[in-house]
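Take a look at these structures.
Here chain A shows up in two complexes: once beside chain B, once beside chain C.
Our next item is the complex of A and B:
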């Protein structure tokens, strides 16, 4: 009973939030907090009901462990971000509609993960697409919304084709039953595999569909970027899981050509995942906008998640499932920290900021912990999940994938350091001297997320237990734990020991810091200029051209974005051509075409 | 049992009366539309003879499910659009009454020559209405092509009559079913082209751009919803139920339909004027519906047709109103127009999303059903084309919706102060009308079973043997 209430409640909540917003904007924003927190509570209460089935209108639902896990991740991100909504009410063009769409898309995501049949899955998928499409343009870019919508729709229409094809083959739309006949038909399974996973690839932002992430995440309202990056992207991972887990891809592709032991169909997508890691990392390094930077890091992390899911093994799959959670909360926390900065300063440009640690220490700490986790540095959650993924890759001997994964890990040090150094550390700009720290309501979710990131980095047992159940349900060996140690083939990771070591190191550093001489604060304008007047102080900000020497190494890189834009322009041109060929204001042109058609049919029809 | 010929006779009679009593023209029009919409609900299915001669010798009216559904929607829409835009009717009340008679005749008749007569009557009213934009060149263009089209239709008809000696649809379809298809190629092609001009199939639809592109808030919805709907239903009647197509011609015409779909959507993508975007979208949708009819998927085609015309009625009303009151319908000049007209904006958005086929709206139900239908024919290229069309259509409609809702330059947060200063006014009657239409689309999407149940309770269940998804079948089946 809990879950149908949950889904219906979200849609009712959307309407309620809208109506409340009409009376009082702030109250409407608080309604989004209440409803999304309510969803979180209902999810936790309903854990015992896993396995139950229910229907709403014409849609069928089934509660599975993986669906529960995914919706938990999603609702957590939504609930934490909702705390920020009230501060943006006066800046939003349609605050009431924002609150409505916020809960509406939340309802869509929850319904999606519990879908029992493919049409229900698709219905909720599209609900999320269109409701989020209308939130994105409330931010800084209208074009971003169109690009986001178009790329999402390319994916979802391909998946719809796959769904229809599945129905034609198996005669059912039930998720379990529809994929069953593919086991013994590798050709058909290949076709379905590539078509069906498209919605997932576009949503995760796998190369070459990644171009919407920096646009949409970077320019969406600051309160929605955490949801887009932390939450909605994970819907794609669910589709990816269905394509390998429920489709039984490994079983279906048994006889096909293998590359390093992996069927070539799956390996091809893994390559895309690896490209996404490398590309996302390199692009993130050169961003000057903090939100775009985190968006590109989401591309890279999406690559990790995809590769792990595609492997469907004991370690990398578990790592990927856990990374999904870690990335969701870490990226949400990072975006929220940036949102605080944007709320106080009005900008997200790295080179216009600096020294925020002096004004908002908690926000700084949140950002620090979030990016440490994103970069996969112990003792945060991100380390555990990346360790598992790399263990899995090493275990299977997938050296190219492991290479990309290592590249992404090391590159992430570079890109997470850039906003850290230039936004939060360094000198405070004179105009920011008077900034207040984050309001209380913003501090609550940031603190919760911080604690969660650290907690699951030190004690990942609970979450790995759930992932183990998912693995058992998917028919693969579950990840093994013994006490606080994760047992892998090539080694054992005791996260508590790691935490102890780091904690001890931190203490030593703290003692040294306390004993040493205090540092002297240097103003941003305190620069050697040999009596020259400074016309453009921004250029002297050390955050501008932060990695210039490194960026020069790949400054002239080819871009798939140019290609896609050229493609879009070709579509535009084709439209103009249609117009010129057929829609003249002279009737003679139409008469000409009628003559052509009659001639073609008559001549072609001779003998028929 | 009420004779459906009243649906044709009453408006025609009122049209004559309205010439005599010019002061009451609009009242007579509203009265006629109301009476017709009411009469449809009381009709009983069956065949009705006109003049006492038994078919195939005399003319008969056929009221089956197909005609009934068509009459219901066309008369309902006609009434609503008339009420919405009463202030725009001006001199045209008589023309509109004649049009109503002609449109009902198109849907009811069981005779191909009688159909030609009604085709001419409605076409003439359409020429007159199109001239209300005072763009006479476009009306003339339409007149030339429309006349050519009906001429070709008549030519094809004569050929059929020469071969089979009958004009009655039921009789002809029996005779043609056993005939050699090569005899049918030329007459079917001529009839196809003749109807293609009105239905807006690609190489024959040069007139659409000028006429639809300059339509006002009365003519726009009337053409794009009522006329287009009736013409497409006629097309479906003839090509899905009367004339059997040989494999050669069928392939060719299917390709033309698919080409119309993609070319129309692509042309819409390259446009910035709202009415031009919508008119090319109408062309694309016509291509889709024609393709479905040609594939023999009558019920999915009718569903998609209803989705298209209900949405287009809303979209064209708002677009026409924009052009009427601000003098422009360029999306850029009207950015943020809905910030001050939220209710109209919501109706416009619902219609747009339904047209794309987004879930929760009726368009989704029809899209799912048409895809099931096409797949059930083991046709695997057509769904690809349809879905490609959906992607393009979604792109430009979402672009338009975003533009009209969220004003602002790139790089700046969307704010009401960027919204257009154009003096856009949308009359209350029009807002109410489009809200009703969009509510129908919403209810149809949320509770698709409801409409079906009401129809079946009144004994008018569609004689369709294939189960309908989301109506009869639920998830997982």
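Our next item is the complex of A and C:
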């Protein structure tokens, strides 16, 4: 009973928020907080109902563990981000619609994860795509929305075609039943696999569909970027799971050529994942806009998630499922921290900022903890999931995937550190000296996210338990835990011990620090300046082109964007030609075409 | 984990500190002899560290202090995970990936503190240090990946024990020579020795990350440097030179490798940072990929 109430409540909530916004904008924004928090509570209460089914109107739903898990991730990100909505009400052109679409898309995502048949899945998928398409242009750029919608449409149309094909083959739209006949038909299974997964690839932002992420995440309203990156991207992971888990891709491709035991069809997609990791990392390193930087990091992390899901094994799959959650909360927290900076300073350009730690320490801490997790450093959650993925890859000997994973891991230290050093540390510009810290309502979600990131890094047992159930349901060996230790085939990780040893080291260092002579506090400009006299803090700040020597090495890289732009230009030219041929103002041309068409129709009729 | 583990861990830390600091002192003498100087007394490094710790210092805000504590704390935690020859403070925690990533906590703390000083030279140094890390770590991790695949364990002591079964010829540096070469070059990068020391280049960027430190901050960073050297050299000893059946064997191998790298360092010039990246991606990475390919696909040296 809980979940139909949840879905209906979100759609009713959307309307309510819209109507309340008409009376009072802030109240409308608070309504989004209340409704999304309500969704979170309902979801947690309804965990006992896993396995039940329900219908709303003509649409059938089934509560699965994986659906519950994905909805949990999504609703958590929505609920945390909702706290920020009220601060952007006066900056948007259509604030009421924003509140409406915010809850409407939330309802869509929850419905999507519980869909029992493919049409329901598609309906809710489109609800999310459309509502987010209308939110994106409320930020900085209209073009971003166009690109986002175009890429999404490529994905959803391919998947719709896949659904129709499935219906034709199996005669049913039920998710479990529709894929059943594919088990014995490798050719058909290959076709469906590649078509169906398209929506997933476009949504995760896998190369070559990654181009929408930096555009949409970078220019969406600051309050929606966390949802886009932390939440909606994960819908793609769900489709990817369906394509390998429910389709049983491994069973269907049994006779195929294999690479290290992986069917070539799946391996091909894993290569795309690896390319996404490397490309996302390299691009993130050279971004000057903090939001675009985190967007490219989502591309890289999407690559990890895709590789793990495609492997469908004990370790990497579990790691990937957990990474989904870790990346969602960490990237949401990072985006929220940047949103606070943008709220106070009006910019997200790294080179225009600096020294924010002296004005907003809690925001700095949030960003710090988020990036430690994003980079996969203990004791945060991101470490556990990356560790599992890498152990899984080592178990299977997938060396080129591992190469990309290592590059992405170390590369992430570079790009996450850049905003840390240039936005939060370094010199504080005099024009920023009077800034206030984050408002209370923004501090609440940031604190919650910080605690969650740390908590699941130290005690990941609860989440890994749920993931184990997902693995059992998918018919693979579940990830093993004993006490606080995660037991991999080729290694053991006791996160609590890591945390305790780290705490011990920190304690010794602190004791040494405290025992010694107290230091004298000096200003930021009181530093070694090579005997120059410098009075302008802005000029004494290393913020732009942070990794200049490294960026130079790949400054002239080939770009898929250029190719797509050329393609778009050609399409435009073709359109102009059609326009010139058929839509002329000269009556003679029109008469000519009418004559031709009538002639063709008549002659064709005669021929028959 | 109980109290005894922590006491044990503390003692091992102390032993690692005394050993590595003495070795640093001896190496200062070795370098001096290479340059036809007499060189300082072998315990000079201890004097330097304790003197720095006892002096007054300036601070640029809480993150400047916090970063130093986090850096030293993180590095000491990593050192606790490293088996000291056959001795281990914490059982079953010497997983190579855990060590590689816990090490990053310390690096991040140091980078944060340096940038927190507000001095751009420090940030430039950090940016170079991170780029350097992206260069040397990938070939190294690739080789390690091959070893883990071959022997189904990612425990340092486990991988060391496997090598000792075959005596001297069982060492991974003999069985996987390409990997051994890669590891030695990467170790040179990890230690920040020439030709990969452009991130602390004193004459060029005023010592980079270290530019603003003095007094207790600097003393703690000296400590950090000794511990991180201990971690990095131990990694190679365990992975490629058979670890140590006894503490003495471990320390002898360790001292020889460290001194060798130090001598090599002192006859080489310095790479620019982009040259270092290009070099690592051209030579060691190619060797590492070949070595890993030989291990995984051909199974060479595994059986």
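Throughout what follows, the second predicted complex is superposed on the first by the 548 of 608 C-alpha atoms of A that agree within 3 Å, B and C clash if a C-alpha of one lies under 4 Å from a C-alpha of the other, contacts with A are read in each partner's own complex, and residues count from 1 in each chain.
One rule holds for everything that comes next: a contact is a pair of C-beta atoms (placed from the backbone, for glycine too) under 8 Å apart; a residue touches a chain by one contact, two chains touch by 3 or more.
Not measured: the values here are computed from a predicted model.
Legend: residue contacts after superposition of the two complexes on their common chain; A:565 is shown touching neither chain B nor chain C. By the touch criterion stated above, A:161 is placed in contact with chain B alone, chain C being left untouched. Of the two partner chains placed by superposition, A:472 touches none, neither chain B nor chain C. After overlaying the two complexes on the shared chain, residue contacts for A:376 are found with chain C alone; chain B is out of touch. Contact with chain C, but none with chain B, is seen for A:358 once the two complexes are overlaid on the shared chain. With both structures placed on the common chain, the touch criterion links A:421 to chain C but leaves chain B unconnected.
Look at A:117: by the touch rule set out above, it reaches chain B but stays clear of chain C. According to the touch criterion, chain A has no shared surface contacted by chain B in one complex and chain C in the other. Residues 260, 355, 357-358, 361, 364, 368, 372, 375-378, 383, 386-387, 390-391, 393-395, 397, 399, 402-403, 406-407, 410-411, 413-414, 417, 420-422, 425-427, 485, 489-494, 497-498, 500-502, 504-510, 512-513, 516-517, 519-528, 530, 537, 540-542, 546-547, 549-550, 552-553 of chain A touch chain C in their complex.
Touching chain A in their complex are the following residues of chain C: 1, 6, 9-10, 13, 53-63, 65, 68-81, 90, 92-93, 95, 97-98, 101-102, 104-105, 107-108, 111-112, 115-121, 123-124, 126-128, 130-131, 133-134, 137-138, 141-142, 145-146, 148-149, 152-155, 206, 211-212, 215-217, 219-220, 223, 272-274, 277-278, 289, 292-293, 296. Taken together, the chain A residues at the contact with chain B in this complex read 55, 57-60, 91, 93-94, 116-117, 119-120, 122-124, 126-127, 130, 133-134, 137-143, 145-146, 149-150, 153-154, 157-158, 160-161, 164-165, 167-168, 172-174, 219, 221, 571-576, 578-579, 582-587, 589-591, 593-594, 596-598, 600-602, 604-605, 608.
Against chain A, in their complex, chain B makes its touches with residues 137-138, 141, 144-145, 148, 152, 181-182, 185-186, 189-190, 193, 197, 202-210, 246, 248-249, 252, 256, 263-264, 266-271, 280, 339, 353, 358-360, 364, 368, 371-372, 375-376, 378, 380, 383-384, 387-388, 390-392, 394-395, 398-399, 401-403, 405-408, 410-416, 446-449, 469-470, 474-477.
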